[in-house]
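Shown below is the structure under consideration.
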Amino acid sequence: MQELNVVGKSVRRKDALDKVLGKSQYSGDIKLPGMLHVKVLRSPVAHALLKNIDCRAAESLPGVHAVLTAKDIPESNTHGIIIKDEPVLVMDKIRKIGDPLVVVAAETEEIALRALSLIEVEFEELPAVFDPEEAMKPEAPKVHDGGNIQSIRKIRKGDIEAAFAHADIVVETSYRTQMQEHAYIEPEAGVAYLDGDVVVLRVSTQNPHFDCKEVARNLALPLNKVRIVQAPTGGGFGGKLDISVQIYIALLAIRAKRPVRLVYTREESMLASTKRHPYVIKYKTAADKNGKLMAIDVIVIGDTGAYASYGPGTLTRSAVHATGPYEVPNVRVDAYTVYTNNPTAGACRGFGVPQLAFAHEQQMDMVAQRAGISPIQVRLLNALRPNSQTGTGQVLETGVGFVETIEVAQAKALEVLGRIC
Amino acid sequence: MSKFEYYRPKCLNEVFKLMAENHGYSLLAGGTDLMVKLKENLIKPTAVIDLDGLEGLKGINLEAGRIVLGALTTHTRLEQSELINRFAPALAKAAGLVGSPQIRNKGTVGGNMGNASPAADTVPVLIALGAEVVLSSKEEIRTIPLEELFLGPGRTVLKPGELITTISFEVLNHQGCSFQKLGKRKALAISVINASASLEIEPETKVIKKVRIALGSVAATAVRVSAGEEILIGNYYSSELIKKAAEEVSKAIRPIDDVRSTAIYRKRVAEVLVGRALEEAWSQVTCTRGG
Amino acid sequence: MDVPWKKPGAKLPVLEGDKNMSKQTINFMLNSQKVSAQVESDSRLVDFLHEMGLTGTKLGCGEGDCGACTVIIDGQTANSCLVLAPQIDGKEVTTIEGLGSYEQLHPLQEAFIEEGAVQCGFCTPGMLLSAKALLDENSNPKREEIIRSISGNLCRCTGYTKIANAIEKVVRSKS
Amino acid sequence: MKKRGVGIGCMWYGIGNTGLPNPAGAFVDWKDDATVSLMVGAADIGQGSNTVLAQIVAEELGVGYEDVLVTSADTGVTPDGGATSASRQTYISGNAAHLAAQEAKKVVLEEAKEMFGVEKNQVIIRDRRVFVKGQEENYKSLEEVIGGCRRKGKMTIGHGWFNPDTTGLDGETGAGSPYDTYAFATQIVEVEVDTETGQVEVLQIIAAHDVGRAINPLQVEGQIEGGSTMGLGLALYEEVKVLDGKIKTPSFATYLIPTSMDVPTMHPLIVEEPAESGPFGAKGVGEPALIPTSAAIANAVFNAVGIRITELPITPEKVLDQLAENQ
């Protein structure tokens, strides 16, 4: 590769100085003159029809400046990166514990919290579904009107049946992976204020331009009347891709005509943010007697919880990556994104690939064992290399450094562990 | 967090007076548990009495063959104390496995007891060491064996107006003590289960004279399990005997399922931990303490 | 989260804070400067510091489980979310604002930058204070002691290795 | 008894969104004194995109890294950079910034060509100096050349945007080219399993990652170490426990991520197989770092004690159960 001056050098991070001095102003550190504090009332039940919300007592509490419900959202009352299926504030149906019902802006956090305790909510609980495989059955309670199978992503290549019929080695295993929290150390937070007729937000976010569109759409504002500035963000890992505080604070800044701030507590962050999709993976691998892969047949079920969020994108990526970094001539994958009344799962570092890696890498070791070769041999035998074809039929002409990663790791293992796999 | 008055008295009499005047008081020793309870609104005191001003309750002393710990001794002090490392290294070990450096700097041995968590790390060691606690009130000073302090999670025999002032245990020449902890990670880990054992031997014959086995996180309070002790007393140490004693302990306990683990797992590893604790105690008594 | 919730017809919760509690005056040393301030009896140190404009101390969990709010009190680290503001009366408190400045970084701050120990930065102030407290007490700690000294500070970005490297670098440069 | 084992985990990861347009834009304003203002939509959430993007621009413009001021993720100032996700910002926003820099550079090269009286491709800009190939001693300062542009009323600004060359996936067969480039990795881990308590300890992680080109090697290592640690959490500790829709682990006391004491010795290894379409060959590394870790750990547990844990996380309870079943 070409020798370069700046690229390839470990220069000092742009933001490191402010960070080591404690000078970086994260959203929760920002204090604006006359700033109000926001709290959110959330559902304690997983599935219910919302009948009535009585905010009168909260509204009349001294120090409270605005109490908003779904009725106060000028337009849309929906958000979501792929499908707009999540309400800003619930209008008629609660789909998970933690669904937002009311937002309050008050002089202090304490008053805002007290206002929440004065709100009366009437609801009618509905039968709920918490298991994705149960949710796929036709008789399961419906989380959304369209049914619980949000989408299916299919990959089809070659002739699966023939490959399995001729295989010397067949390995079939079911895997389950858990729900994971992103656990960034900075909980979600943001401030909003008016600059003339523009509402300006400084928020902890991974995607300000998306936030801008969602705020504008729900507030019925043109995009040039909403300005989102990302504040220094204390980690994201996919969990700050979805809307968190943005629409609430924009709404309340406009309503109260005062700057507002909303900082989630850790518990609220855990309750309201998305998670890594828990997966059920049924994985079947066919190989010849030498350990050369012939086919994979995979079913993936991802529990996306109450809302789609990045679910369909995650399951699509899982389907594409289901082969692992290997050449597999015959492929069948069905990846289901399923709604339940669980916490919403969304984007999480790795996007559905860690779950599949957990499966395909154990499959590879089992194939190796059956073929009587080492885990490294089975990988080298099947590795994607320049001009290999992927499970979706893409030919990777260049930029395929997979084998080198095996070799480099193997050499290091010999050096520091004294052995290889 | 609820509104309360904050006091920092300088002497015990002032503490007694404040406890008498404020019925809804909470005592603040290190605050590492109290502050969490306040935050979660699990308690709503009208007064918080900070004991930090009671300098006399912070020391570690050797008095007439007993180690005396002021109730306000922090875990960091315990862990670093020369006296403790010399006479009760298992206690130093347990203190060093509590929470994190920040928690150990603040949290105190007395506070940990007052909090009465079944998972407290220093408690099983102190029970194994045969510790007694001194409870003081305006009216009386009483001394009870540590294992009698606890009634259940968060509940002690402390009466209104009473507080833990000192904890003490006898220093024995031919005794070894140990601590074993199983957490879900290596720091900031509440014990899934912990165990301590002390062995006292007859110096001439090496016959086991006295045994105490205590476990945490297997019941509503830290518990002493005599079932395992009886097997060992009057016998010579052997790995088969240890195994048997550990099995007895495992049979005797009735742990529960909770967010950290399962009852079945706890029963299984109780046996492992008690076995390891007895081994560790034995190596203490024979190697480091001269036997 | 403790979800504030009320079913129709249920009795209103008793409201705290109706009584007017007296404020307390506290005197303490903050980053080597004498400070006298009025504090509410139930305010936490971390919130009080923010009120004073010292926002370098971060709040990550409020329960002493993450260490983002670590400060040094009388030479020892503490989670400032687990300390009441009135408790620091008569004490000496060091926050990240007392560690270095744009003009003169603390060697630990310099090393954190150089060694790539900073990513999102939210754990950084607390991490630096834990490291400082260690080095103040022990100028030549072993790698294990370094790692243990930051075991009360969660970091989700770096995997800790580069943080330990940075602290080790300062130790090596001193010895 | 404690038994050790070694396991391998591999992965591939397509950089950018799957078979969907996901462009990013950038503006470059090369100022009179040859310092640069770069405006990008990419949100730096701690992974360090601002730093990397400044390096790319500085490299292209022949200025120092410190010469580049980055303003990012402000919808009032910066073009859309898309999400900081899919390990895409170095690759996609990096290309956008690179293109924007190239556009601004064109103006300067044009001016230099006239000043030196040579063809444009003969002119080189390096270390804030402009010179004709092979005649480095005869240089002009960048400020001088930019000044020349200004005197003619020329702005030295550029914009760029990049969208990876992909195709959508067929609805029935999934056929298509959903990503322009892929990152690859191999991780080898060593574990120690306590057969009596079921506890698994990871002793070492060797993580070899093909990142195309490491724009900032220290940051790449930081991603590998941090990602592997998150992968370690996924493998052994972390689980949001949910019962009837209610989270039973709603705090950092109950939801456990690795602490400093849980992290093994790390051996991050950078492999550079350039992506033709990447800025200076760069791909991405943010997510790949986490992907193979739990797989490698599961395989290492098998290697150590002969049990296959097929449900994450690999808890001591599951290990003991399986060990008991195997006996």
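The first chain written gets the first letter, and so on, giving A, B, C and D; residue counts start at 1 in each chain.
Throughout what follows, a contact is a pair of C-beta atoms (placed from the backbone, for glycine too) under 8 Å apart; a residue touches a chain by one contact, two chains touch by 3 or more.
No experiment lies behind these values; they were computed from the predicted model shown.
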Could you quickly compare B-C and B-D and let me know which has more C-beta contacts? B-C
Whole-Å distance, C-alpha centre of subunit B to that of subunit C, is 28
Geometric centre distance via CA averages, subunit D-subunit B, whole Å: 48
Subunit A-subunit B separation of Cα centroids, rounded to whole Å: 43
Subunit C to subunit D, mean C-alpha position gap in Å, rounds to 31
Listing for subunit D: what residues touch at least two other chains? 45-46, 48, 218-219, 227, 230, 249-253, 257, 259-261
Enumerate the residues of subunit B that touch no fewer than two other chains. 100, 186-188
Where subunit C touches two or more other chains, by residue: 1-2, 17, 60-63, 65-66, 116, 119-122, 148, 151-157
Draw the chains as dots and join the ones that touch; what shape do you get: line, ring, star, complete or other? other
A full list of chain pairs that touch reads A-C, A-D, B-C, B-D, C-D
Touching subunit C in the complex, subunit A uses residues 10, 12-13, 15-26, 28-29, 41-44, 54, 57, 110, 113-114, 116-122, 182-187, 232-235, 237, 265-268, 270-271
Interface residues, subunit B side, partner subunit D - complex: 100, 182, 184-190, 259, 261-262, 264-265, 268-269, 272-273
Would you pull the subunit C residues touching subunit D in the complex into a rising list? 1, 60-61, 63, 65-66, 115-116, 119-122, 147-148, 150-164
Can you check the complex and tell me which residues of subunit C touch subunit A? 1-8, 12-13, 15, 17, 50, 54-63, 66, 68, 95-97, 99-102, 105, 109, 112-114, 116, 118-125, 128, 154-157
Going by the contact rule at the top, pick out the subunit B residues touching subunit C in the complex. 1-6, 8, 28, 31-32, 35-36, 38-41, 44, 48, 50, 52, 76, 99-103, 105-106, 186-188
